[in-house]
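Below you'll find a set of structures to go through.
Next, two complexes with chain A in common: one pairs it with chain B, the other with chain C.
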Partner chain A sequence: MIKMVGALLRRIYSSFATNILDVPPRLLAFLLLMVLLFLPVARLDLYILRIVTIALIFAIFAASWDLLVGRAGQVSLGHALFFGIGAYLSAYLSRFHGLPLWATIPLSMLFCALVAVLLGFPCLRVKGPYLTLVTMAFPLILAVGFFALDPPFGGEGGIALTRAQRLFPMEALYPQRVAEYYLILFLLLVSAIILYKIANSKTGIVLVSILDDESASKACGINVTKYKLLAWAISAFFAGLAGCLYAHYIQATPPTTVLGLTTSFYPVIMTILGGIGTIYGPIVGAFILWSLMEFTLWVLTDFFQFIPFIANAGDELRIIVYIGIIIVFIIKWPKGISKFVVEKLDELTEKRELDERKKK
Partner chain B sequence: MIENLIVFGALSGAVYALLALGFTLIYGVADVINMAHGAFYMLGAYAFSIFLMNLGYNSITNPSSFLLLTALILATIFVGFVGIIIYRLFVHPLIENPLSVLVVTIGATLILQQMILLWFGDVDMAVPKLLEGYTLLLGLKVAYHSLLSLVLSLGLIAILGIFIARSKIGGAMRAAAQDREVAMLMGINTERLYMLTMAISASLAAIAGILLNPPAASPMLREWTYPLVMSFAIVIIGGLGSIKGSLVGAFIIGYVEQAVRVFFPGMGYLQGAAALTVMVLVLVLRPRGFFGKHVEAE
Partner chain C sequence: MPLFEVENLTKRFGGLTAVNNVSFHVDEGDIIGLIGPNGAGKTTLFNLITGFLKPDSGTVRFKGEDITRLEPHKIVNKGLARTFQVVKPFRHLPAIANVIVACLSPRASKKLEWLKSPERKALDMLELVGLSEMMFEPAENLAHGDLKRLEMARALATEPDLLLLDEPFSGLNPIETDFLTKSIQRLHLDGYTMVIVEHKLHALMKLVKKVIVLHYGEKIAEGSPKEVSHNKKVIEVYMGRVA
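Coming up: the complex of A and B.
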């Protein structure tokens, strides 16, 4: 018995070693995951925990955008639509109909996928930059709708949720936030793995072929419409998840935030920063975006105070520096930071293997 | 009520055409979806008022139209230069990659917005009218400023149209719009051409900002999303890259906006949504807008 367990453990370890420890990019991802797993153990400030949690939510959102754009090539600038619908629907059902969250969140996600399919039909006629700009309109129109229908949807502040509608309605603050953090981290992992599997499955390859050459894929007998709608639906499904989590985490659904232009821009920025078409790229991008923001806030605000002429202008300068750094990143690594790192690591391993072979 | 709709719809439509023209121009020539277009609009209005202030203009003690004109020209040139700088620093290294250009121009917008905050603080500036007083038209009070805006906008659009159709640089622009690489092979310096196009595009947005702000008062200032979204709607309705199209689109959007203002008084927040809804409807019926250039299915 003990021998069997031992053999099993050894086999798990050896597969872990060959699959993860020996592949530098995967090792890096594994280390990042470990950092994220043990982050709350360090008894962080609640503020930082909140920032990291929101970054996790936006990582899900950005990864879902990447499937739609990086794989299917449907450049959407209105992904906030699904974020907002998810947020509003889940908040509405739980607040006014008393449904538990384990029911409202999947329901909202399915509803988002349905909306994506319904919108996909007219949208598919539209191509290229027209698609980009027309998708941008949908969340802005819907935001006005929610804003105008005040009695159920709460106008400017959105639907206000109570503590009972949080993901974990516990009494003590810190354990509650930590529990929420782990749940959201778990959901990010699950959705990232599902999205990655889809992106690299047969479906994903078909989607890339449509991106590369639509007429050629059509000529090969691929039902282009079906695959495009599928990409829309899957992407909206996970974007809806991010929206639900966001609404229950911040306990509100302000329409100018959940359906705003900025929310539509976030996944684009994160994906371009991290690396498009990779699924892990946007997640890396989300962390870079958020940690850089906090870093500049933390370092530069104090720093600028000691410089006489700009002491009062610290806040604006900080944002300028922050955006400047991101733009420099994008210009320096136009394929995305994660792709760059992976390529560099691959080069290094190849070099090492070559050296070893030469020695022999 | 109907007179209201006809007159004011046309007046705002003309200036919108100017705004959208810049957007469609840089897309048509360089394939750049310029998210910083709203920022140029905003910067134009701000630069105009700051130049006026420094030139010693005062609407009561020193209302000199010479100063107004000088400030208008200075602000336009200034924003044109900002456009060149943004093109050179941010857009040019990424010109082959439209999505990155999109992101970088969003970044440029945010930087410009913060710079305006740095420069002016968190206050709304009053943008003075170019002409005081009003006349009666169909029994409506129409400000001279609005009439001048109409004339100026249509005049500029006509000049630009002739420039693109007749001049050598205009020909180069049309060539680059058709095929960038062939244009380069024919000896056109596309980099300089794109820079010039960006400058013209930014200047047009700045003039629109200067003309459109006084009647709408200050809440639209510091707000770059509204003009940006309006340019999108107009350009999409008319067809990307088409001057005729953006003219048609601008008047449609101008009338829609005015209709909302007339039929739903006190619900100003519906204006943008109504314009966007019209855009979506047009796009469902005509996927490339009214005059869009034909996108090859490759």
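Coming up: the complex of A and C.
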């Protein structure tokens, strides 16, 4: 019995060693995961924990955008639509119908996928930049709609949620936030793995073929519309998850945030920053963007405390600063930071293998 | 009943009649050439047949079935595949994945032999056109001649009963032309029915049994290569009128 367990453990370890430890980019991803896993153990400041948690939520959102844009080539600048619908629907169902979250969140995700398919039928008649412009309009229209319908949608603040409708309705503040953090990290991990698997499956290959040349795809006998709708639905499904988590985490659904232009643009910045079409790129991008945003805020308000002119306007000024830094990043690494790192690591391993061969 | 039939097909672009009342038919096992000077409407005719353009009038029949206004992918899944004059590779995908896409079409997956994966079949197709050494090379790194062959492999992977080749020889050097001629002959022996649009008459005339000549969207001649090359109208179109 003990022998069997030992053999099993040895087997797990050897597969872990060959599949993860020996592949530098995977090792890096594994280390990042370890850091994220042990972050709350260090009894972080609640504020920082909140920032990291929201970065995790946006990482899900950006990864879902990457499947749609980096793989299928359907450039959407209105992805906040699904984020917003997910947030509102889940908040509405739990607040006014008293449904538990384990029911409202999956329901909202499915509803987002449904909306994507229904909107896809008329919208996919337009292509390229026209499609992009059409997608941009939807969340803005919906935001105005929610604004106008104060009861039940709560106007400017959106639907206010109580502590009972958080992901973990515990009494103690810190353990609650830590539990939420772990749940969201787990969901990010699961969604990222699913999205990555889809992106690198045969379906993913067909999606890239549509991105590269739609008419050639048709000439291969591929029902392009069906695959596009599938990409929209999967992407909306996970964007909806991000929206639900966000609503229950901040206990509100302010329409200008969850359906705002900024929310539509975050995944674009994160994906291009991290590396488009990779799925892991946007996740890295989300952490970089969020840390940059917080870092610039800290520098401007705390470091420049002695210059009130800067410190008071820190919240607005930081946008200029971090966008400037991002532009430099994108010019320096146009393929994205994660792709750059992966390529560099591959080069290094190749070099090392060559050196070893020379020694022999 | 012929395998494939085009009847009175007409397409206008504004005031220009690109294809005017063209009819022809293809029997099983045939290999037919479609020639004509630039702008004669050869590619437009292909686009009408394969559903990329909708005709103004006329019908296209394939295996006795009217396929005139079907969507391109449905036509491909009925067994009518095409290649493009300007190569359309999936740039980001390696050569083998380019072919796998075609192997994933409903028709190809239904016809997949028992215990054979789409990947395996894609590799077979690459071997058929002589590209298997490049299987992992991204399509954007391939040379023009290789892309032409990739285009062929992709069309063959959809298991066509009729193959439409749009200028397969354009941009190929003599060696590549020779290789392609041999591959097409081999496909013909394997029983493939083909219609080939071509500018390079020299390469084409060796291959085909029947030639159709288009000029300003109209069919002006049809017959064996010998008949056609002695046809007065055809000589006029290609050489200009004798003063």
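Going forward, the second predicted complex is superposed on the first by the 340 of 360 C-alpha atoms of A that agree within 3 Å, B and C clash if a C-alpha of one lies under 4 Å from a C-alpha of the other, contacts with A are read in each partner's own complex, and residues count from 1 in each chain.
Everything that follows uses one rule, which is that a contact is a pair of C-beta atoms (placed from the backbone, for glycine too) under 8 Å apart; a residue touches a chain by one contact, two chains touch by 3 or more.
Predicted, not measured: the structure shown is a model, and the values here were computed from it.
Using the contact criterion defined above for the overlaid structures, shared-chain residue A:M136 touches chain B, although it does not reach chain C.
Contacts of A:L211 after superposition: chain C is touched, whereas chain B is not reached. Applying the stated contact rule after C-alpha superposition, one finds that A:A219 touches chain C and leaves chain B untouched. Shared-chain residue A:K202: touches chain C; no touch with chain B. Ranking chain B and chain C by residues of chain A touched puts B first.
By the document's definition of touching, of the two partners only chain B reaches A:V75; chain C does not. By the touch criterion defined above, A:V126 reaches chain B but does not reach chain C. Using the contact criterion defined above for the overlaid structures, shared-chain residue A:I272 touches chain B, although it does not reach chain C. Residues 213, 215 of chain A lie at the contact with chain B in one complex and at the contact with chain C in the other. Chain A meets chain C in the complex at residues 202, 205-206, 208-209, 211-213, 215-224, 277. The touching residues of chain C, when paired with chain A in their complex, are 50, 52, 71-73, 76-77, 81-84, 88-93, 97-98, 100-102, 104-108, 118, 154-155, 157-158.
Across the interface of their complex, chain B is touched by residues 69, 75, 77, 122, 125-130, 132-134, 136-138, 140-141, 144-145, 147-148, 213-215, 261, 265, 268-269, 272-273, 276, 313, 316-317, 319-320, 323-324, 326-327, 330-331, 334 of chain A.
For chain B in complex with chain A, the residues that touch the partner chain are 27, 33, 90, 93-94, 97-100, 102-104, 106-108, 110-111, 114-115, 117-118, 225, 229, 232-233, 235-236, 240, 267, 269-270, 272-273, 276-277, 279-280, 283-284, 287-289, 292, 295, 297-298.
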